[in-house]
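Data block below; observations after.
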Amino acid sequence: MSEIIRVEDVWFRYEGADFWALKGVSLTIKKGELLAIIGQNGGGKTTLAKNLNGLLKPTKGRVLVDGLDTKTAPTHEIVKRVGYVFQNPSHQIFESTVWKEVAYGPTNLGLSPEEVKQRVEWALSEVGLQGYEQYNPYDLDYGKMKLLTVASVLAMKPQVLILDEPTTGQDHAGRHLLSNLSKKLNREGFTVVIITHDMRFVAETVNRVVLVSNGEILMDGSTREVLNAFDVLKKAAIKPPQIVQLASELRKKGVDINALTIEEALQEILKHYKG
Amino acid sequence: MSVGVSLLKKTTIEAETFVQRLDGRVKFLYFLWATIIVYIFFDPLLNLIFLAVTMALAVYAKCWKPIALTILIIVVPWILFAVPILALPLGFPWNKTIIGYINILGKDYPVYLEGLGWGVTWPLRIAVAISTALLFFLTTNQAKLVATMFKMKFPFKLIYMVIATFQFIPLLASEANTIMQAQIARGLRTDVGFVQKIKNYLAVVIPLTLSALNKVQIRAIALESRGFSAPVRKTLLYEASFTKLDYAFLMTMLLVTVFLAWVYVYIGFSPFAHLPWIWSG
Amino acid sequence: MDMVWVKNMEPIIRVENLTYAYPTSKDFVLKNISFTVNKGEVLAVIGPNGAGKSTLLKALNGLVPHFYGGKYGGRVVVSGFEVLNTPISKMSTKVGFVFQDPEDQISGLALTVWEEVAFGLMMLGYPREEIDKRVREAIDYVGLTGLEKRSPFELSGGQMQRLAIATVLALRPEVIVMDEPTAQLDPLGKYEVLSVIEKLAESGSTIVLAEHEIEEVVYFADKMLLLDKGEAVAYGDSRKVVTMVEELKRRGVDPPSVTELTSLLKEKTGVDVALPVTLEEAVKIYSELLR
């Protein structure tokens, strides 16, 4: 698999701030990956994510997106390749219909009306909002508004999709929906990066986890590795999901179980129970 | 607990000078007084004196930067724009006295005193008004401001609206920034023509306005739930009362008023610049 | 003559057949809801978004109907006051309300954390000495000691939300209502706020809270009310409600992971175990089962 984003020893400081938000962060993302960036608020995960699509440029070091240096290439070229769905839908939505809202992105790319139409229809069906084209976005419930924002970025067909805290403010059904959508988009070829602090969501969705704390990457590994590294998670004041904790406690009592999700735990327990 | 705070900043800035300690009403009076005086007189040099005094106070109170910035943005371009238009023979009706000639593209054009005077005096009057008003806002913390306005018998809900607006300007500003980023992430480009720039502007202003309205509504609900509308006399944490400092400042203003009144009667309405009379309405 | 000891079980909150529609809603947002909350109890309201949880909570302090208007039927009595006939400002002395977004609750009139906590007391005209006392107590209770002079806007999400709780506690309400207080917080903030809520619960406060963090809430919720599409689908002892796995899943609510796991295990194998609701219970059950 080839690289799509490379972060090389990036240091970042916000204007006027006297501290470094990112301290020498290095990271490589390959095409087709499905990963999560986790960590406390203020620890640098959003800062890192915004450095990945050119919204923020490294103070020191560099970020390469599809070979382009984010400091020298025009922002609109980077943004074409890396889509960023912001956390709060009302920070984006300004058109009067769902259709126009999703059309905004592809129109900005300079596509023909025919192509724009195709993209909008495709994006809406991807997220399951077909039929809502003429609705006023503010008449939608929060969950659908979230899907709308995903569709509006998807319509630009970026290679990488960054979702910023997609599950905040969602109910359980909404979280499952976003988890399934993320996995589906990944299967279809999108590289998906999810910023989140919902550990159960992480366990059920992604393959790789990057833990950012105090401007540094504390750990970068498979979901199984990171979610089981209790001492590292504790340093970042993060609690692993209940199933992972259950498995860990059982292992301490001599039951050999390793599970991230309910389904996995069920399979493991059935094995033990039968045997 | 003496902390000076800028109403336009989220965080408190530590500055404890006599300017911060002056009662809000005195500073408000200073704003009204200075503005009226520079209106009665027609003298750009007098205006500059008032401006200099205000800026000196601002520097001492450590809040001169926002004032200087505002003056720079509003007043300086105004002067640069107004002076040529008024001072040159472009139709300003009171132009009579020629004070010199200026050579533009090979031709000599007369420069008129009346136009020049007007072009310089008016913006400076506004500068005095703005600087004294900002000095008031930037050196009066909102608790004292609330107490001040309460003493002046303003209705509480009105007081709240004024203060809260200032508190939330920085919040909205940072939100505007986030919204801008969100739209850039969807392909909004800044290197575009005028028409597209309008559309860009809407893409930020519309979500911002909706967000602001939403915030106002939610906050109103939260405040209601905390007894905001209780029909009782509110307890205020600060008592607005005059100290010796306030009386000293007021006395100074009074003396200056007497002095200027004498100047007006015996020297005229333009004591330093000696501008000729024109309707300065 | 025998003396009979009679316990006064008069509930502090009584909701009877509450039915409500916002002025702009086509359908009723709450349909015939009835439940009670006794003094010292913690009631958790769960359900998918749009079920009516927020609306129900707002009906406890008078925002519904006095702030919103709309169509109102049924009765809500809190601390002896019938909400329909009591102005919000009066209700606010009995019911403290904590909202979801910490920043949206900052009054904008207060310079410092101290003043923010004092705000409600100032609005209600309490004397200065009383204000000083209560503010000190509230700030210390939620763990914000030392931050009194900071601007409320400088606080972290968890700190801001604890500040909101302090502002409510200063009014010494009889009931504390919280609408998804941890939804906008990061894990540390969630932990900080849930700790304060647990402390309140243990010290006998009456709390009604809407929350999605079911795995945390089971530790201190006495009763649970499952709401869906405006209707009370299940109500009762929290253990009873949270183990109704099928019903919860059908309404789009996830029970605690360990509860769901065990329910699936029972389905598959027919093993006879009680459904655990906490991690600790699950560890006990499984270590016995699998050794």
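For reference, chains read A, B and C in written order, and residue numbers begin at 1 within each chain.
The working rule: a contact is a pair of C-beta atoms (placed from the backbone, for glycine too) under 8 Å apart; a residue touches a chain by one contact, two chains touch by 3 or more.
Since this is a predicted model, take the numbers as computed values, not measurements.
Using CA-based centroids throughout, the chain positioned farthest away from chain C is B. Between the interfaces A-B and A-C, more contacting C-beta pairs are found at A-C. Chain geometry summary: the mean Cα position of chain A and that of chain B are 45 Å apart.
For the pair chain A and chain C, the distance between mean C-alpha positions equals 31 Å. Within chain B, no positions touching two or more other chains are listed.
Of all the residues in chain B, the ones that touch chain A in their complex are 175, 178-179, 181-189, 202-203, 206-207, 210-211, 214. In the complex of the two chains, the chain A residues touching chain B come out as 50, 53, 55, 75-76, 79-80, 83-84, 86, 88, 90-94, 104-109, 138, 152-153, 156.
Residues 47-50, 100, 156-157, 183-184, 186-189, 191, 212, 215, 252-254, 256-258, 260-261, 264-265, 268-269, 271, 279, 282-283, 286-287, 289-291 of chain C are the ones that touch chain A when the two sit in their complex.
Within the complex formed with chain C, the chain B residues making contact are 1, 3, 5, 10-12, 141-143, 146, 160, 163-164, 167-168, 171, 215, 218-219, 221-237.
Across the complex, chain B is touched by residues 61, 63, 67, 87-90, 92-93, 95-97, 99, 101, 103-112, 115, 118-128, 131, 149-151, 153-154, 167-168, 171 of chain C.
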